[in-house]
């Protein structure tokens, strides 16, 4: 089943055009990777998909499970099953991890027509998933992303992802700021969440994340659109030769 | 707290925006409008007061007549006609009640709507309640248990009759009648309030709580609270305020005096949710309150925590006079204004004793077309050797039509004391909002979450029962402030 | 050279309605909020018999005609922008003894620092109106030095109008001419409009006189204008030192930074009143103020009131204020290294002062600060030695 269909997407911020006819289809069970040099519009893509205000979509459509989401706000998109793991997760001073998770879980349950979860049950679920990602109880008592290390921030993103159980997960440069061990934890965390009903879009500059989250398809993005698509081998070529050849070919 | 939840739901159904906007129909015993010696004599005689109390009131009235209403606060409101206010109003049939069963059932229902079902209180919360309905204290629970420990917790009108020596000694000792315009007014016409006395060495076994409520139309509420903690004692006192929704403005001018003796501690928490007026600024309470505590003894401590979300106009500065050596004063405040609300609130920390310490944490949130001012004073007198103050005032603006102001006065008259003051003003960042939205929270949920986080340092000072309600209140008060 | 510019007829006409004899003047008292901490009626004796006169010396080579009488056309402009209904303005205008304009035309860039100095002798009230006006893209350093004598009163009113793209460094230094003064009072009112992409860096130093107040009110009138103030006052004996500084952010992307420090010895009193006001349309404002006072004596007193008044939401404003003595831990650390008490105190006072020096980038302003600091240190040590 088709989960995400991005069709000829054009977007700009201010006067600057960043996406120039970006198209991509993701079916359930598939993992796609988007690779590209700095400034190719990768992060913009993730923000436009999740509905950040500052970006102006001038042309094209985004269909999430066959519903056009262009006009929807970020929370509505989230409730439809889209998740973005941020490259730079935002600090929320004063809001503890536990409070935050409780709020987002119940908000998404209400949207799905499920009853809200009460204290103990909820804590149990959160703890279980947290342990899998090597997130301590202590970390959940701290304020969201405040004073977290790079690895902690990314693990906390993946924890939210596993709790919200989205249909489409967009991972924006999830490997940035991670050392080898943290990369492995995050990688296996994400891999465990893969299943036949879900689609994933992994956005990365480097090939190394793709050793841990193995994609079915790799796309090379330059200047706001996909230049070339292929299998995992394509990532290896980038690893060896860099982006130069794609840019030159353009 | 299932009962509370249910009550809140019920009230939400019954009213639209303001959760507590219902009014009770009761037979009311009311004096004519206006303020003069006769009215004061009437109040005093209705309360069956001794002569000395009447004289004290009349003297206050004399003082008040010579004073002028203060105009230095950053608030604007139409001139108050003090002759157009009822100064005495009491629900009928409430005198000489022996137990809860004798209380007018409609009245009990009102309390239930407020989320403080008295009947359930004993079983559930372990909170003793002295409920003030307009001007007369209706019923006090838990008195016997408190009495066993020697704790006095009763309406002040009763205390005047039963404990005249304590009242004579302490009333007006922290806030003299001439202190300001509203304290003089209150001293002349106060109709009821609570009196608490914690004897030496006693840790009050439960949290004491009073819910104030202005019900009668055009009624000023002038309650007077006096809390005295004798040596080595401890008490935590909760005050909650709501008022029904009305088009005209109502005046509330309370006086709260706290006295902490040697090594005593008083924790005073307020959740103020008086009716703020509607979206167009019509109606709402004028809340002009004088609250002050005296850390009289060495090693004493007074801590004020307030969450202010209501009232059309707020004028309120809970303060501490730190007489004792090593005494501690604290002020934790959240003030939220929305629509056309105006709040001018803060604290005074007056250091007299050696090694006295004070902490001020103030969080102001302005939304809509509201104005929110922190006004504070820190004074180190020459005798306050090695005294310390730390102040932090943060303001958060939601929307571009509101204002946030900070007016601190900082004076040191001795070199060994140390004062540190920090203040910031900012808005909710777009990034934070987007992050929460991308996790499926609506804009209002996101704002409520972020604002609660912003207030965290203050909220954690509230007792549990209050904390939950206060968190919800923050969300409710900011409804309609975004988008 | 001595400036000898007669007050123009237009300014004299303008002042006429304010005319009043000294003994009839009503000085601001503590009932007025901004004068609460410095009530002038307590400092100034109406029975004094001052002679009204003032002189300025300057190094300006007036071939390029940058000094002139205040233009009649400018009076209207001044009227609508300044001379707000303030008691102190009325007092200054009641008896002005000199007035002139420093006019720096478009693209003016001076190759020397422009200095003005005024010595106010005994029994003199020096009251002046000075307008500093620039064209576009001007770059200049201007400094005013005032030294006072016993039984003197000095009340300059200085108005700035800075056109687009200009960059001005301005110094105001108040100092005592002789060792110990009696009844020497200084009150300056400084107001200014700063326009697009323009900036004023200001340094105010004051010491040695019985009462000194600099009352500064700057308007960031147009986008991308900015203003920095570094102020320092020294109090000794029973001196009263006051720096009152308010900045009004009236346009977008404007920034201000006000840093004021004080050192208070003996029974002196220091006052800092700071204000950052942000108008509704002044989005993206960045406003900061920081005040610190150091009390060296148990009879000294410090008052501060750092105020914020904000009507726009996209702003970053912050203020901080600290009052205290020299850091005890640092003191102990030095003593434990074998440094004597006095030496340790000197090191720490100098460290406190050098922090403020490091805030000032401009060499011209740095020199003024450095001079004022050394002047104070000299007096401080000679007192300690005696």
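For clarity, chains are labelled A, B and C in written order, and residue numbers in each chain start from 1.
Methods note: a contact is a pair of C-beta atoms (placed from the backbone, for glycine too) under 8 Å apart; a residue touches a chain by one contact, two chains touch by 3 or more.
What you see is a predicted model, and the numbers here were worked out from it, not measured in a lab.
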How short can a chain-to-chain path be from chain A to chain C, counted in steps between touching chains? 2
Using mean Cα positions, find the chain sitting nearest the overall protein centre. B
Among the chains, which is located farthest from chain A on the basis of C-alpha centroids? C
When I count C-beta pairs in contact, which pair ends up with more: A-B or B-C? B-C
Roughly how many whole angstrom separate the Cα centroids of chain A and chain C? 56
Taking the mean of the C-alpha atoms as each chain's centre, how many Å separate chain A from chain B? 48
So how far apart, in whole Å, are chain B and chain C when each is placed at the average of its C-alpha atoms? 43
Multi-partner residues of chain C (at least 2 other chains): none
What residues in chain B touch two or more of the other chains? none
Chain C residues touching chain B in their complex are 33, 280, 283, 293, 295-325
Of chain B, residues touching chain C in the complex: 72, 380, 382, 395, 397-427
Touching residues on chain A, where the partner in the complex is chain B: 50-54, 73-75, 77-79, 83-84, 86, 89-95, 99-100, 103-104, 107-108, 111, 143, 160, 164
Please name which positions on chain B make contact with chain A in the complex. 429-432, 434-443, 445-446, 449-450, 452-457
